[in-house]
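Please go over the structures that come below.
Below are two complexes that have subunit A in common, paired first with subunit B and then with subunit C.
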Partner chain A sequence: MRSQGVGQLGRWYSRIMFGVCVGFAALIIALLSLVIWYLLAIGAQSVDLAFFTQDQSGDPTAPGGMRHAIVGTLVLVGLASAVGVPMGMLAGIHMAEYSQETWLAKPARFIADVLAGVPSIVIGILGYELIVVPMGNFSGWAGAAALAFIMIPIVARTTEEMLLLVPNSYRAGSFALGATKAQTILRVVLPAASGSVVTGIMLALARVAGETAPLLFTALGSRFLTLDPNQPFPSLTVQIYTYATGPYEAERRLAWAGILVLISILFALNLTIRVVAARSARHLKSN
Partner chain B sequence: MESPTQPLQIKLPAAPAFLPERPAGYNMLEAIRRNEPVESTVHESVHAQPAVLSIRDFELWYGKSKALHGINMPIARNRVTALIGPSGCGKSTLLRCINRLNDLVDGVRIHGQMTLQGSPIYGPGVDVIGIRTRVGMVFQKSNPFPMSIFENVIYALRIAGERRKSVLAERCEVALRNGALWDEVKDRLTESALGLSGGQQQRLCIARAVASEPEVLLMDEPCSALDPIATLKIEELVRDLCQRLTVVIVTHNMQQAARVSHYTAFMYLGRLVEYGRTADLFQNPLLPETEQYVTGRFG
Partner chain C sequence: MSQAASHPDRGPAIPPGSPTAARRAKTGLGDLALGIMARFGAASIIFMLTALLFVLFTAALPSVRQFGANFFISTQWRVNTLEKPAIGPDGRVLKEDGETVMTTIPPAFGALPTIYGTAVTSFIALVVAVPLSFGAAIFIVRVAPRWKIAGPISFLIELLAAIPSIAYGLWGLYVLAPFLRDWVAPTLQKVLGDIPAFRWMFFETITIAGRLQERPIAFTGRDMLCGGLILAIMILPIITAVARDVLRAVPRAQIEGSLALGATWWQSCWGMLRYARAGLFGAVVLGLARAAGETMAITMVIGNNNQIAASPFAPAQTMASLLASEFREAAGLHRAALLEVALVLLIMSLIFNVVARWLFVGGQSRSAAAH
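After this line comes the complex of A and B, so read on.
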């Protein structure tokens, strides 16, 4: 009889657990919906053609558009990836494939995890001390370097994890055919993991595209459309920060529009990542 | 001249009715389990054919545990040699030593020597890559790379630096024909190899392994994941292949060893127990222990 009572209690407990979990899952969806609804309600009206075609006018009551900031973010992320992606991937390859050859892999993995957790403002200050101060001015290079610094550990760790998922039978098969280690990695292991490695790289891109703090001390921001990284460099996030904290109503509206555009870009990027990841997962499963 | 595919007709003196003297009640397998030194029984007949590969006093340790004990055996050229024995007897380990694939395992130490056409496989200055191009391997589970059928087959040629398209196309066709797969895939060479059936994938792996024309082909239970029809195809293929090269095959399936091989080596816990012509080993083994195993009374 007693065991029946416990069973009854257990069933109730189970139902409550289920309810609590459903509730919090719904809360997450509600929070995201709230953010998107709020952004659409306030920002959508300010997103127009001029937003994408005009630069900052200099007149705070009619501030123009954000073309310079969008281009700036694209250039900064592009420069950061050009450095961060190859460096991160090579480090990841070392950690996954050469961990037996050197003692470096273990500490590198640990430090990459620590680096990935360092607050981005710290990276910004580092960029300021290492690049801005010696160069004598804020610059696009410093901003890109700070973003690259954030990318490297993320790319390294995802590359490592994805390479470790590649079945060892591929490696053994390649070695048995007379391939060297480098040939095995370049021709078999990396291509087999390419889909998921690309996913990891895009996640890192999405992460740095939304960063503000590391750019405040490095790229600083700029009113002008520029492609010269030796100068202070505009970016969407810093421009949003500047406008949103300013006193002018028109600028604040533009900041909302900027947030909406930024979120849309990141959302699109995330969606693409999901599609690519699903494809590569199917690809690996079919094996 | 006798046909290489029918070696069982080689004229040889009957296997010598020789058996080392043993105390009453002696069982060699029990002696092995007690870790006592034992002597392999190697038939004279294994020396009838010139050896392409020679294994001498070969020993191997995984860390502290010894996996191979004093293996001495020649491998006959253009013949199929089967390694049989219960799980853990070291047959796969021995196979993976021939192309030095065990180098990839941490903590492996070896002692003794193997020679391929007289040249050493172990030792300082040995070109491991060169050994692996001369000794191909087919694995238990087929492992085509996630690329096209064509790229799979010519992989060994590509990494050796061959770029001429006509050469690659020709060698691909020859290899696929040798793998008995050409007719089935000739119209879809550019498709992913992962779309092939299990049996086709394994034959693709055989084609890939023979594309660089190795002297020896190692097969590690190549049929254990295949259905009977696919298995039959591979077995026929193995008999064809040995016209051009030497096959060493590990199998759990005694019928397969009897069907496909010319010579059979029975191993137990890292020792070579008995080695001779397949017909002799299965029908007329010298050791009662071998007879017990091949008739399925243990293992």
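After this line comes the complex of A and C, so read on.
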């Protein structure tokens, strides 16, 4: 950087670049508004009560609703979190509380970060090779497993980070009162960080609820309302994809409506995350 | 408890995982159980990556054996066996008893077109997204706090990241693609079409009956440009967020020192950018990793055509979109070839992510040393 004084030209250049930065930020916000506005506006024209109460009819000109797909997504995400949340939290607890720098925790932390960036379609293909091929058919289990695979690293890393934020005096106090390490972690450290850990879990939920690619070759999608994970399983995202790329106008309208519902859920989740995170931060401060 | 909580000391008296802390605690059966389960959880993460690499590699082995390095050079992607009239040594179609002699051409799989498609769309995405993101990051760090809007702006940009890929795909397919097809491409053609230097953008050369012919590209909107732009919008939030954090980590002394020496606002920003360049490069690599691995949105707008074309208005295929559109119906060698593509995609994303992490860590220790 030049340290001597700048001329008129430099000052004008600086002003222009200031404008450019403001303009770029404004452009990103404008783009965001444009995308969201389209998604919400077109979706709002297409969503109605039948969307939530009817399943796919099989008639492409009057395709019914997406109840089966909404239920499918809820079940898939539920199954995935039943495995992914405890596993991820355990990994996070290990990395934060047991061995921060050992042979196990260090590579686990590194790999968790790297796994979070693996394209989700690759994880879907792993689910296909490991579960669909041996089972002989596409199934809800395979879809849930693929989603759990995505959740574990995210939950592990956020749990670890949140546990490390808990002051050490908590642990020292608990030990001083005669608690074991497990009691300290489960009854003192984890509750103290619970707000932020919940945030991390919801972040992972929001991430997998919007995933399409890992479900394409695992859960596959289905026209029917089902609760049997041994069968091909419907999901909101795959159903939207099928409708959106299909040739029928009525189905495309359903796809837009589906996106509206999906985004509303995800935004609601994100807003809740914000509120919970802010509250738990206040909680830690005011205590 | 509450006494301790009122002074949240972050002092490193006893690091939570240190042997001292462990020795002071009593141990019990519950302890042992939680310890083992936690260790199992951490080990499972390492196992996950190993499984990913092992399974993809074993399943891709037939393709690796069959094609070797040719897989990355060949532009042929033929799923089915082809029948073609045999050509004799004199250059004419061979006939035997009035019947045309047919030769069969076996299926062939080369990944070059998809690698090319991935590279071009990612490149377009970076060219568009990086300046925008860096500008926005500077805005958030240097301007927005003054106007008290840093929080809301950050939140809005992070909201972009919460929109799922399929939504961007739908938007790209029904809003952006028609816009590019009806407005951008024709306008560009009107302006640039007559200039010979830009001819490659609007014409493609194809072989019809053994002769090279040039014909205008039909604008569909579903092309590499549309794919690149959608990717750009999708990687904006991650690059902006990382660049913002990296720029925030620049020591205040660095900024104030340069301002005190009489630097203009932009000169001090430029100083920040230079200071944080390792981390910023990490942000770009992270964006590149996202762009290269993005699947659903790009599958919907890329046009799904396995070809290498120069023009951004030509349909193409990326590695991820190839997987999304063909894997379900694939069998045998075709599936093995797709699995090899998946393996390449995986290894590529691993490398990008490791490099990005390494750049952040390098940048952090550098700024820590400067304090």
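Methods note: the second predicted complex is superposed on the first by the 263 of 287 C-alpha atoms of A that agree within 3 Å, B and C clash if a C-alpha of one lies under 4 Å from a C-alpha of the other, contacts with A are read in each partner's own complex, and residues count from 1 in each chain.
The rule is simple: a residue touches a chain if its C-beta (ideal position, glycine included) is under 8 Å from a C-beta of that chain, and two chains touch if they have at least 3 such contacts.
Small disclaimer: the values here were computed from a predicted structure and weren't measured.
> May I ask you to name which of subunit B and subunit C touches more residues of subunit A?
Looking at subunit B versus subunit C, the one contacting more residues of subunit A is C.
> Go through the superposed model and pick first if A:Pro153 touches only subunit B, second if only subunit C, both, or neither.
In the superposition, A:Pro153 contacts subunit C only.
> Name the contact category of A:Leu49: first (subunit B only), second (subunit C only), both, or neither.
After superposition on chain A, A:Leu49 lies in contact with neither partner.
> After lining up the shared chain so the two structures overlap, which partner does A:Ser99 touch, if you call subunit B first and subunit C second: first, second, both or neither?
second
> Does the superposition put A:Pro191 against subunit B (first), subunit C (second), both, or neither?
In the superposition, A:Pro191 contacts subunit B only.
> Just checking: does A:Ala172 make contact with subunit B only, subunit C only, both, or neither of them? Give me first, second, both or neither.
It touches subunit B and subunit C both.
> According to the stated criteria, A:Thr180 is in contact with first (subunit B), second (subunit C), both, or neither; which is it?
both
> Between subunit B (first) and subunit C (second), which does A:Glu129 come into contact with in this model arrangement: first, second, both, or neither?
In the superposition, A:Glu129 contacts subunit C only.
> Which residues form the common part of the subunit A surface touched by subunit B and by subunit C?
In subunit A, residues 100, 167, 169-173, 175, 178-180, 183, 188, 192, 287 are touched by subunit B and also by subunit C.
> For the complex, which residues does subunit B have touching subunit A?
Against subunit A, the touching part of subunit B is residues 99, 101, 104, 106, 129-130, 132-133, 136-137, 139, 141, 143, 145-147, 155-156, 158-160, 194-195, 205, 208-209, 212.
> Which stretch or stretches of subunit A touch subunit B in the complex?
It is residues 100, 167, 169-180, 183, 187-188, 191-192, 283, 286-287 of subunit A that touch subunit B.
> Under the touch definition given earlier, write down the residues of subunit C that touch subunit A in their complex.
1-2, 4-17, 21-22, 24-28, 30-31, 33-35, 37-46, 48-49, 51-52, 55-56, 59, 131-136, 138-140, 142-144, 153, 155-160, 162-171, 173-175, 233, 236, 240, 258, 261-271, 274, 286, 289-290, 292-296, 300, 320, 323-324, 327-328, 338-339, 342, 345-346, 349-350, 352-354, 357
> Please give the residue numbers of subunit A that touch subunit C in the complex, ascending.
It is residues 1-6, 10-11, 13-15, 17-18, 20-25, 27-29, 31-32, 35-36, 38-39, 42, 86-101, 104-105, 107-108, 110-115, 117-123, 125-126, 128-130, 149, 152-153, 156, 163-164, 167-173, 175, 178-186, 188-189, 192, 206, 209-213, 216-217, 220, 237, 240-241, 244-245, 252, 255-256, 259, 262-263, 266-267, 269-270, 274, 284-285, 287 of subunit A that touch subunit C.
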